[in-house]
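In what follows, subunit A forms one complex with subunit B and a second complex with subunit C.
And now, the complex of A and B:
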């Protein structure tokens, strides 16, 4: 057998699988998601960007939370696509088109970067307009420079857009030709692609989150952002596939077996997120150096301490116990609940990373709500949670969930245009028939 | 012995390449592995074993000399209080990571190709952890009270410092050793039974008796296999966090300090990537000669070597990422001590060690971008040696360069090893190779039953007429898909 043979069409491999969304079907859902997303984002931008003072500043932080949370999902979709090619994965072929179509939303994420451009001097004001007496910042001027910052935005997006476009285009081409050499080519290109991806997502996390507090630094930061992003992509994919399944699409292709595998990966990367965050926290706590502990010091006030606790329990202990079970991962409602829960936790995680860098101007700073010393753990926690909720704005919800809705809508739009799965991938049959032991 | 065929065909996405090549069936796979232990001991083995034993005796002599004289026989000094012993400890414990990664993580990822290298890698892991354990033990100086590292109740109310990662190391490494040994032994049971039965049939009663004791009365019944598979899966799940935790904790030995070059948050995953890198380096160093001398080409195919090379490229590049992040953040931090530590590494008195490290660990695996080099055993063997060297130097660079010039220039110093340092390190190879050679001689060096499990014959749909020969033809299946794929 030579590689010049073509892969058989899906009609031959699995005649029962519906490969395309029927004309006009799912249009309502797509328009609903897009409409809700755009409306939420537009509303938030209209009221946030054109407000003044602290309201405006705070809006940009909410926007950044939504942006980084959802951008991570799109980036991890690109990562997932390349990962499946480089490992010659068989099980995941039926899921891969979803990832390709989510990654295809990245050009719109470039468009959605515009409010950050507008708000950059508010978000990054520490280094955008540095204090001339600050010699530490003067030493970083070569990197934390507004022009170079935008040049880097261009470089990151150039990498992501080209990779996302190329991998999707080749996969769609294979739907027509059935040419198996496309797999070889993509597997080969995934290697340098993943290298560029690793570097670009690292520096993007440094630039867009870590530099909010330009004095603080952590070598693991890029990895922690990636871990959370990949985890949330898996949660997103579980829900997206389940939605399609509920409408009668892909339900014979993405079976319990594939959900089980997605659930395993979701569990694994939830734990990996914990591992990277524990490494970061433990080492900073242990060394107790003021330039590093400042990061957690900020997150002890304004209710953020309770959010840190919430993340330990909600982003690790509970899902660890919940998603551990094989039964839960194979249960449609169980896994969907786990996925929704992890997406919410991802939002909380992004909040925890970004929003404590918002410092209201002195006059407007509201006094911390007094609370009795020596309260119980639960008392402190609920008090802190209340304080955090008090600091939340409507934009925190609108931006994250608006962005999520928009990306889901765009992904659905893409899914309606393309085949629902790579119909002539040579490993399609393997994927369709795959079972866990 | 039939002629060995080495298949080197281009990759074809339409089929999964067979994991066992040539005209092999279950019987011939058993033969290939069992004959290694049953044939007359080759002269070469005696030669190697003699060298290993000599080195092992040398290790004993060095440790004896150390205990009777004191740690002053080493080059350790002030400010470099941690010299070669810690470097060697981390070097060996790192090598011990490939075995568990292969047996646990690759198992969970359904990487069927692992079956032909897992047994030897697990053995390597156990012997490497043994070699590693020696160094912290003799480094305490008063080895006769080494049991104080364990929290044993005692009338002096003397407890180890629970806040010290050095104590966590004691727990992590001993747990790791125990679980790895269990995992290895559980996997061995069916194959030991095979050896027992073959020895009994050949009339070698002593051998049959000894293998029989360790085979626990295994007779391959259905119930045996059900329990075996379950135990294997549970041990794999238990070992998976260990792959990450052990070297993370080893990295804490350094990273919880305040020392520039040691204290950085990427240390745990960076050490884990380095450990896997060095472990796979050692797997190649051991398996390429074994494959050649013992005629295992059909079981350890070029595809296997190709995959290992890819893991080396991946983990080597990850290590390179960590080196890069350390440098970038040292600059970005604006902390002059951090900046100095890294510039001193690259250009200070130990610049040569730094650049040996970078060349061996980051540059040498880049050759594996080329498929032809990944499938060339000679090239692989040479680069695997570079990987071993580079990973030893990485630990040397981390340990020594950060210590020799700290915050106070008046206390700066320089570290040079003594001949005792060198001979002790060389001696640890004696320990490692003595055990490994004994393993090669007397135990099934490949996992016979697991290899059979990934052959087409093991597929329940095999021989139903919808395909023939080797390899899966995913497209032509009515039922389950091709071979080399999970069921």
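And now, the complex of A and C:
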């Protein structure tokens, strides 16, 4: 490539777009998010990790809910970056730096894995110290091995960190040089990158969520986790971009057209989540094999049945009707409400996957509240919901929303350091002028 | 001279027809359409065309697909000839979801395709615009703007003069 083949700088393409956060601006918001996040996590860890008995055990489940929920957002950010490169997408260039900077939080997610290392024995106790008489677990011994478990943690994070670092670094390099061959190289690299990503997120979901109940298995499980994760990343990005827009940044770059597209993807992956979850449910329901139905059997007690119903309506029917309209996706408040709602539902989804695996020791287990036979659907639902809320702990909120706040703060810190958008991407002009037909 | 269908003018480029469309709608014409060899971004906006009503047709067809699929499976499996398969009830909702989904997609797709045909009044063998002397180049390198006679502002002479004044060539009045 000769020097004449570089992409034009943004000053030529769009002189009105502010490319960097002014010095010191948004520092308050960043510190607020980071402070709130760290305080919530520290408080939760201090009270949870050093408690004893069931309180401590229950804390690790809350922590895993928060961790897996928010890790998914960071991983999906990496996925989004690679997806835009492999499809050579034009519309998304103005949004891509946000994704790159959210994926750059992944090293901190490795740090935040530490409490899971501490709690692994509690979380995964079924297979950590398997019952020697358990022939099913004996057959899975090669995979469900505590040493190999940690080796895999290393492998997954090695893949994610290298990919996130490389894609962001090349994009930042292009801000300097305007070299269009970087796009070609990243598009090529995105193919094996996505393959590695798909395998690593699948096995991470198997290892960190599915193995909580090591007898149970579902081959689509990794995909359901990914679907929810990508959906929540899109919700997160909508809110994050809105926040920057409200402060006067990226306002002329990320327009209604881009929000409309993010909304379409949010809608699509909300439906995809339903599709994968229903696929899982229907096969288990149809075959009716005890080793598979155990998953739903556990989730019929302790109020989890109501949460399953809540997910069907809150994670599908309501957002399906709400987000379907073009006007809602193009309406600032409408889309922001949809995004917040889906993030809360993502938290409920993670609860539904993880917490029913917590079994209090017999002495501490309080009897299930009996409820009248033949209650109405609504009566059963509200009863179950009450039971579920009774089982919630403060850590369920602190861990998820603390982690979310921390990641948002770190992403903002990154956004303040880098350009707000890839300023010399050859498709920048296309992205800035993008309109939906 | 019988009833005129409308007036058609030829333009040289996408930029020219975009500007012409803006001027025409800006001048108060409402029954305006553009005919181009390829999609021109934003032209619908310049023509002041409202959003398509196709979505409403599609959602109605989709809902009909859901209703028909449910009715079919309930009637066949639970009402007309109940069969118990592997311990499931004759009408068991999880087993109906895939077929319901497929029927919804099928009827939505029909609604989209045939609804589009209907809204465009297709198929038809002839259209008055084909009488224009250079319309053949619409699939090649020329851009055409038409103002129909049903437009309240339409006036045979004034509309021709107007289209000529905004740079239209081969401005012709076409008969219905």
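Following the convention adopted for this analysis, the second predicted complex is superposed on the first by the 433 of 437 C-alpha atoms of A that agree within 3 Å, B and C clash if a C-alpha of one lies under 4 Å from a C-alpha of the other, contacts with A are read in each partner's own complex, and residues count from 1 in each chain.
We adopt the following convention: a residue touches a chain if its C-beta (ideal position, glycine included) is under 8 Å from a C-beta of that chain, and two chains touch if they have at least 3 such contacts.
These numbers were taken from a predicted model, which means no experiment stands behind them.
After alignment on the shared subunit A, the placement of subunit B and subunit C results in a clash.
After overlaying the two complexes on the shared chain, residue contacts for A:430 are found with subunit B alone; subunit C is out of touch. Residue contacts after overlaying the shared chain place A:139 against subunit B, while subunit C stays out of touching range.
By the touch criterion defined above, A:286 reaches both subunit B and subunit C. In the superposition on chain A, A:158 makes contact with neither subunit B nor subunit C. Looking at the superposed arrangement, the partner reaching more residues of subunit A, out of subunit B and subunit C, is B. Within the superposed three-chain model, A:42 lies out of touch with both subunit B and subunit C [touch as defined at top]. Once the two complexes are overlaid on the shared chain, A:340 sits clear of subunit B and of subunit C alike. The contact surfaces that subunit B and subunit C form on subunit A in the two complexes overlap at residues 282, 286, 435, 437. Within the complex, the subunit A residues that touch subunit B are 1-3, 5, 7-8, 12-13, 88, 90-91, 135-137, 139-140, 143, 180-181, 183-184, 191, 195, 198-199, 202, 206, 215, 217-223, 264, 275-276, 279-280, 282-284, 286-287, 289, 291, 426-430, 432-437. Within the complex formed with subunit C, the subunit A residues making contact are 278, 281-282, 285-286, 288, 326, 435, 437. Those residues of subunit C that touch subunit A in the shared complex are 39, 41-42, 51, 55, 86-88, 94-95, 97-98.
If you check the complex, the residues on subunit B that touch subunit A are 10-16, 108, 110, 229, 244, 248, 252, 255-258, 263-269, 313, 317, 321-322, 325-326, 329, 332-335, 369, 472-475, 477, 479-482, 485-487.
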